[in-house]
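Two complexes come next, and they have one chain in common, chain A, joined by chain B in the first and chain C in the second.
Right, the complex of A and B next:
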């Protein structure tokens, strides 16, 4: 075991990962600019037939929704894909981010009791409520979600896999329930206006250059292109943070925990701290998704925050490729589009073609479940898997049929005494 | 090493009155044990003697019961979490290799530097200059360690793709990345052929001399144990039954008895399979 080091030149560090880090912002920007130019400047001037087709099959509002899903899914990817902690209650952070926005950017002000404005953009007649600037709202939502990530994580992260998943499931139910019942009847004071929800949420302020003049104005509720710019920036930010963290000290610790918790702790990785960090960072991304959601809807209602959201997010991560941001992004965009636009449109086409009257969107979980089963049977690693995962899954499959030849060889070579090689 | 200066004159590792009780079973009973600074000592004993359990107390996986104490370089580490003990300078390898299989060899080693690195979330995200320097140094140190154990050319291979022997080396490199005072090797020659085992003896000496650590071995291959160890402690059924140099232990009647009269005979004592829980 000790031969003096032979003068073999150390191989160069593989550069693939680093290069994509340089390239992707360019591709992402190009894609975003294309969308903005197309929907903002070209689409209105197309012939009505084509315009109608695009608005039916790929409306910009649904692209925005898909980006909201993507932000949250990317956050969940940090928890599930990077650190390997199964979280079935991720919807809680989405709701928290959304309600933080509603509290800080509307006339609500906890029943009109609070009233102040920090660089906010209140409605014309607004005299009550908290109106913070959007930037501050993002910071606040990130802070609230990180805090709750730690609060939820601290007692639960000591649990292993299945138990952790169940407890997160519990939190994912509790927090939306609080929002759903958060009025005088439920809580004793008006926290969330219960099922009536909070709204309208202030419009975004934006700066526009109009023939050389700098114009400060409000974003129209229907200005989806304006929101698209913001949402794609946020998505890019989350991707950037995910990629950077992955390559650093914390990302290595997360991977190590995912691989072998006990060995990681024996190598000096503080399990609780690393897991809490994953939770907090993931929660922040979920919260940002929540803020975006609130901005998109212009109103916060408790109804959308169901268990199904957590499951859908998880499916986006798993189908797309756990641990790989590009896979997760693809999975989120695809599934979101399919749910909101693809399935109803396919259904309509089907119905009008065959004269039937099938309600396709009601089958979405059936189709979803079927796709998940097929994926798990034939492509467990997801659409765009992380290179590491692809490695192990494919060799595993080969091993089923051909007996793991390479490993066997090594064992023969090195083993004289039997029994110890496991 | 520089981060964990050993108090002068203190043994690298001292365990006093360590007991472990599983239900009603006393797995380890009041075992005391010392690893002098920069020494190579071995812990041997028949299957089920409590060696790995004892190891697990030292590394903090099991609590020491009945007032047992563990001190690392003069500092009491009893009851600390495993990662804390590890970062204070007690590194280990595992009986059945536990590498991070889907990480490269270099990444495996860098994981173990976690406690010596400082980069936080913010520094990592903005890739601050201090963080980049730290990463570069970690990278260089990882390559240095991989070269030291002889697998520098496989630095970017996934751990699972390394050969069995290389995986064992990688485990040692990873443990050394903690800059430990004491290196615990749990059956490091398991699965090696006699030639490799012989080379391993030199390797352990080289680790001790060049990395300035004390080495504590659990080992079944008596030829290795007798050649490499400066002191040997023998456990049987959770009790310490003998301690001393190789010759002293070899001739100790209680040891001979524990090993069914074949203390120095390789054939009867090298085969070990799936003993002791927890590893």
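Right, the complex of A and C next:
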């Protein structure tokens, strides 16, 4: 490597606030406010036809679900996109976050054995269980997930990249199975109520927007706009943390590890600490996604936590553009919408337009698999690539062409020379 | 990891040794616990233990066939072929379809007689050829173009392929579990209190010759030699005149054929399939490949039989955790194996190429 490329001139720190750093918070806020105003204050008063169309094609509840996916995908992006550690069991953190919420915010209390309330908001009929304030629940879920992130990460640190993927995959299968079997029959005590699940989860006290009225109160099942405000705040927080970490010392260490582990360790990057930090931070984001999921459903069931969730999250990261926060956000929102709303709706319109009876959601597998394969073959860097990722992912090809070039030059020279002789 | 390559790893030498001791003690403790568990179960009820073992070995023989497909492919291009389990699932579906068609053709359920075995043998060849050609096609269309790409790219492609194969299975068989026809005789033999399913002998009669044939191909033929050379160093093999692309295709064909045979055996013995069968069994078989030492062919067989045995015992004996914990038990083994002995039981410790 030559001297100038190493000594990248650091841009001078501007005095005061850097305007470019304000661009995304403003844009994000505007987008969120537009959604809140539209769904909270405009949509209920529109003519039924338009209202029905919007509720069919872009229901606010699915926007909330998309934000939950986005939070988790952004967390996975830290592990896979930044640090280059392939994680195939990310669903474990989602489940852990969700069940932490269920344990700490419901009447469950491990079969009614534990019973206390710290600033919580239990339902009117509630006499048992643990009821913690939502802020405490977020802290607890973050703590639990960070701990498990380190526990899962620790044995993988010495392993090669594909073995690492397997260990995470193993944990991603074991942890949901513990939740699925966690009752007297399976574990000997009632940890998670097994397939019956835990619920209802305490409704949180937040801003309620109902047909233009803004009040503070307990959110019910239909208060999607209130939850949207909370979820978009959480997403913004995770985006902020992702962006700032990427700029900082830790983020640069992650990128160095992703690109060349050996070189990074030779340059003094503490591999162990940086990798564990990636797992912990990623796990926290996944856990926050899990808490949001629990709040959205109002009940925790073990069924949704399958390998397919981990793969879907990975696809969001890959499709959007590994390492680029905006790409991942776009990928998550797109895939989530397409899975939940887009595909069934497109199918319904197609069927009613052409009088066919094709079951479009069943093509989910084909479309999903096809997109993954085609993306990997033709646009490996994702829709919104990060510039460095693109370079790294096409490294092999660049090497090939370089290897071929001298050969052609030689051929050219010899033909020219033979021409000269003649 | 190849820590020895960095000078920095040398400094805390004493600490490394200590942790290595701790690791060894922990490893032996786990082994001792497993041995104690086996002994307790055996003494408690020997007949039950042996019955569970026989079921386990029968399943393990099928896992071995699938695990070999993973191991072959990993050995030659270092790719975890996630689609392999789903290929096996398609093998079960093709077998079911062919056997059902034969039943229709002969207008009655074909029983044990010569006709039944003829149908069985024909389906075996068809399933093997079918899965082999799918595997070769997948390699040609997708993995071949990604051979020089970073590892993440072919891995994600394999996941995508797995989804596509699952879609085919979904359209072929529907989303539920379906009962499938079988030509195998039903029944079991009582051997001193140990129940042995007659299918056990059929499985062994198919799997053992297949394994012998495969070992012969890999160790004795020219193609096998070229395969081993390519696995060791593709570039050097190319320089020595090996057609690397053709050899990789051949490897995929072999892995696919094994998956097809496993598919037929599974369909005939278990007589149900489901479109997501490949995911579960594929993961178990992959664990088997890792347990034996991925890339090592005898290791894959040993790992498959061991995993089958552990699963059979776990589900069959009194102090086992039961079927609901199978996945957890298998993956715990995977994780422990990777932590304590990443090279596997029969694998050689390899340094990471820098």
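Heads up, the rule we're going with is that the second predicted complex is superposed on the first by the 359 of 422 C-alpha atoms of A that agree within 3 Å, B and C clash if a C-alpha of one lies under 4 Å from a C-alpha of the other, contacts with A are read in each partner's own complex, and residues count from 1 in each chain.
In this section, a residue touches a chain if its C-beta (ideal position, glycine included) is under 8 Å from a C-beta of that chain, and two chains touch if they have at least 3 such contacts.
For clarity, every value in this text was computed on a predicted model and none was experimentally measured.
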Give one of first, second, both or neither to describe whether A:241 is in contact with chain B, with chain C, with both, or with none. first
Check the residue A:136 against both partner chains and state whether it touches chain B (first), chain C (second), both, or neither. neither
After lining up the shared chain so the two structures overlap, which partner does A:250 touch, if you call chain B first and chain C second: first, second, both or neither? first
Thinking of the overlay built on chain A, is A:46 touched by chain B (first), by chain C (second), by both, or by neither? neither
In the superposed arrangement, which partner chain does A:150 touch: chain B (first), chain C (second), both, or neither? neither
Which partner does A:370 contact after superposing on A: first (chain B), second (chain C), both, neither? second
After superposition on the shared chain, which partner residues are touched by A:277: those of chain B (first), chain C (second), both, or neither? first
For A:269, decide between first (touching chain B), second (touching chain C), both and neither. first
Look at A:165 in the shared chain and tell me whether it touches chain B only, chain C only, both, or neither; answer first, second, both or neither. second
Enumerate the residues of chain A that count as touching chain B in its complex and touching chain C in the other. 262, 265-266, 392
Parts of chain A lying in touch with chain B, wherever the complex brings them together: 1-3, 5, 8, 10-11, 13-14, 240-241, 244-245, 247-253, 255-256, 259-260, 262-271, 277, 281, 388-389, 391-392, 410-411, 413-422
Interfacial residue positions of chain C with respect to chain A in the complex: 1, 3, 5-6, 8, 78, 80, 142, 145-146, 148-157, 159-167, 170-171, 175, 279, 283, 286, 290, 324-325, 327-328, 331-332, 334-335, 338-339, 342, 352, 354
For a test of understanding, state which residues of chain A touch chain C in their complex under the given definition. 80, 84, 86, 155-156, 158-163, 165-167, 169-171, 173-174, 177-178, 180-181, 186, 262, 265-266, 307, 311, 314-315, 318, 362-363, 365-366, 368-373, 376-377, 380, 392-393, 395-397, 399-400
Chain A partner, complex, touching residues on chain B are 59, 61, 81-84, 86-87, 91-92, 94, 96, 98-103, 106-107, 110-115, 117, 119-121, 124-125, 127, 131, 135, 138-139, 143, 147-148, 150, 152-153, 155-156, 158, 160, 163-165, 168-169, 174-175, 177-178, 187, 190-194, 196, 199-200, 202-203, 206, 270-274
